[in-house]
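A short worksheet on the structure shown next.
Going in written order, the chains are labelled A, B and C, and every chain counts its residues from 1.
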Amino acid sequence: MQSIADNVGGAISYASLARKNRSKDIAIASLGIFVLFIAIATLLALFIDLAITGYPRLADPEFYTSFPSRKPLQAGILSAWVGTIMVMVVTACLSVPLGVAAGLYLEEYASKNWFTDLIEINVSNLAGVPSIVYGLLALGLFIYTFGMSETVLVAGMVLALLILPIIIVSTRESIRSIPSELREAAYGLGATQWQTMALYIVPAAKPGIITGAIVGLSRAIGETAPIITIGALSFIAFLPESPISSDAPFINFGWLTSPFTVMPIQMFSWLSRPQADFHISAAAAGVVLIVMTLMMNALAIYIRYRARSR
Amino acid sequence: MTAMNQPKTTNEFAQKDARQTPREALDHWYLEPDAALRARVSNLKFWYGNGTQAIDDVSFPLVEKKVTALIGPSGCGKSTLLRCFNRMHDLYHGVKYSGSIELFPENENLIDLDPNVVRMRVGMVFQKPNPFPKSIYENVVAGLRIRGISKRSQLDEIAETSLTQAAIWDEVKDRLHQPALSLSGGQQQRLCIARALAVQPEILLLDEPTSALDPIATAKVEDLINDLDGKVTVLIVTHNMQQAARISHYAAYMYLGKLVEYNETSEMFTRPMCQRTEDYITGRFG
Amino acid sequence: MSTKHDGHLHHISQQFNSELSQLKAEFLKMGGMVESQVQHAMQALENNDYELAEQTRLKDKEVDRMERAIDEEANRVIVKRQPTASDLRLVMSVVKMVADLERIGDEAKKIAKFAISISESETGALGSRYDSVVEAKHISNHVVAMVRDALDAFARFDTAQALRIMKEDKLVDQEYKSAIRSLVTFMMEDPRSISTCLSIMWVLRSLERVGDHACNIAEYVIYMVEGEDVRHRPIDHAEKVVRP
């Protein structure tokens, strides 16, 4: 009987066959490394270019503690980064509970029928809708219909709407990835659906949910279009009211209704000025924004790592 | 109940008559004279959401504080039947039951009860060890927490008794607050049994509890099940017939969703009443 | 439930089938050996054939060797296959029946020894010796047939035949008693034949034991097929078990 080795080996031995197959592996790996290198190099070049251009302003501590100014060398980003943080807080407070609750409902409670299928498809599609459309929606709904003004609250709301689909989808994904054995174990002990969710499913899915939320927020932090659409100001020479006051009840919500600016808008407005010095400030602000985004991503990685090692 | 609970046989040859001709299925069972019933399945039928009927007219008794094994080839409906006992199927959409699983002495039909109540009363251990990703201690007391018990001393006491009962106390007593997932597979499975025992279930269901374990871990789990004989009513599904012969007191052989034979295990493995049981347990099946 | 005689050929595992067939074949071979051993011993006694008696005596070594081999084979089957139900009963019965066969072989050896000692003794009075051997010959034909039928019943899983053998054992007992009586008569008539007659009595005793062992084998055949133990119980119990 002729062996397979003989059949194949007429022209080539197993050794050369293995070598040939391995060279394919190496080719694919090299291609991957090359593509990866291009992507990282581009990003790095951009970042380094921004950092070099913006260095004069980045190195100036006053840059971080000054309000915008007509004089390029005195213009700072204080109101911008404070505004960004405040808007992010509002966005997070609105989108995370809403998104997680919606994800939980769709994954665990909703019965599977054509209607929930429709909702599911729409939620996925919403994640791909251009952000300017959300801006127009907010303009029409919040500002014109409800008569709200262009405040921190409205900006937070529009960004929350923008990242809601991301959070819903990532919540559903991380709940779906919980093995059904865990679910059955909880039900098998006599747990109700709520107990199963609250005590076992959500804690187990927490890392995934938090990661999804942070990924959503780091998208929101760089969004300009919807905020410009609702008419955020680009020149704010004052800070919103402090959320903590010295007299009772120590917390106040005045900041929610104050006008604001955010980092991307500040950059945009500087870039649209003719003076070259403002472009330096814009570059510096860009570096700060990138660092803020990277820090949020690092936080997401840290949370995931900690949850996994536990 | 009286009809079925009658002595195994009054006339020695009555039983022999039943064995004389190979039969397709039995319409009555022989139980030991002092056997008390914990539950009785009567004409149970079950359909999955997609309309397939997985259990067809199954009737058999579940004897109090004895281990009963469900055996049969893959897909014969034995796991499905087991899961009827704690209404696990109700987690999925569109399932349908008919017939009854009567619980004694309450005379309640398990099928008519609230599934949550049923699961509080009937514990289950799964094929794959599935401890919660929490500490060993939290796993054992999970069922108690679900029932709203949170007094520390009470939890500690029950944790120790059930871990001891599950023959794992000595191995974990110094590391109760370490993650349960750090245990070996066999230890995890015994932990899951302890978790089920902690809430003192009326019936304990075991779904192929050793199929994912190595022979040593299997032997330990089997020992533990042997210890439960006489203390807890156990219903176990197993693919391993030697295992069924080793640990069960009564055995039910299922084929294609139907019950073929219910018998004392020692009888079934030395002289089964039905030809089809004989063919299956001697490996002539197919 | 009854087990068909070729039941052990229908396992999913062909290897298991052949192991059981092998066990069965070895057992039947050993049965044939002891059957001819008894026959030869009686022939030697009848014909005063020293050579044949010596051969028969030595044949016992071979039978003992087969007993060990069959037991080992049965052990292997149990370890490898963990037989259940009818398979378990087959293996267990073979293990027990082999012991009976070996004892039959021992009895044949004893008869052969008497044949040797009688052939060596000069005192044997030919007349009475011939008569007493005829008595023994009659019983020996009967018990050898029983052994053969028992092996047959085993080979064909024939419980009806096994039941017949159990009944025959009663007849053998009666024949044994009447043969003893006529030997006593010979001894009273001719005191010189006493030592020969005593030897023949031991031969009769051995033959009666062979019949008992054949009966035991028949009981195991019923157990193997029907799953019901009929030993040490009135014969009508066995009759009810075997009822066609």
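Just so we're on the same page, contacts are C-beta pairs under 8 Å (C-beta built on N, C-alpha and C of every residue); 3 or more make two chains touch, one makes a residue touch a chain.
Note that the coordinates shown come from a computational prediction; the quantities given were computed from them, not determined experimentally.
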Innermost chain, taking as reference the mean of every protein Cα atom displayed: B
Per Cα centroids, the chain farthest from chain A: C
Centre-of-Cα separation between chain B and chain A, whole angstrom: 49
Inter-chain centre distance, chain A versus chain C - centres from mean C-alpha coordinates, in Å: 91
List of chain A residues in touch with chain B within their complex: 111-112, 179, 181-192, 195, 199-200, 203-204, 310
Footprint of chain A on chain B - complex, ascending: 86, 88, 91, 93, 116-117, 119-121, 123-124, 126, 128, 130-133, 142-143, 145-147, 179, 192, 195-196, 199
In the complex with chain B, residue positions of chain C that touch it: 1-3, 7, 10-13, 16, 81-89, 226-228, 240-241, 243
Of chain B, residues touching chain C in the complex: 13, 16, 19-22, 241-242, 245, 268-275, 277-279, 281-286
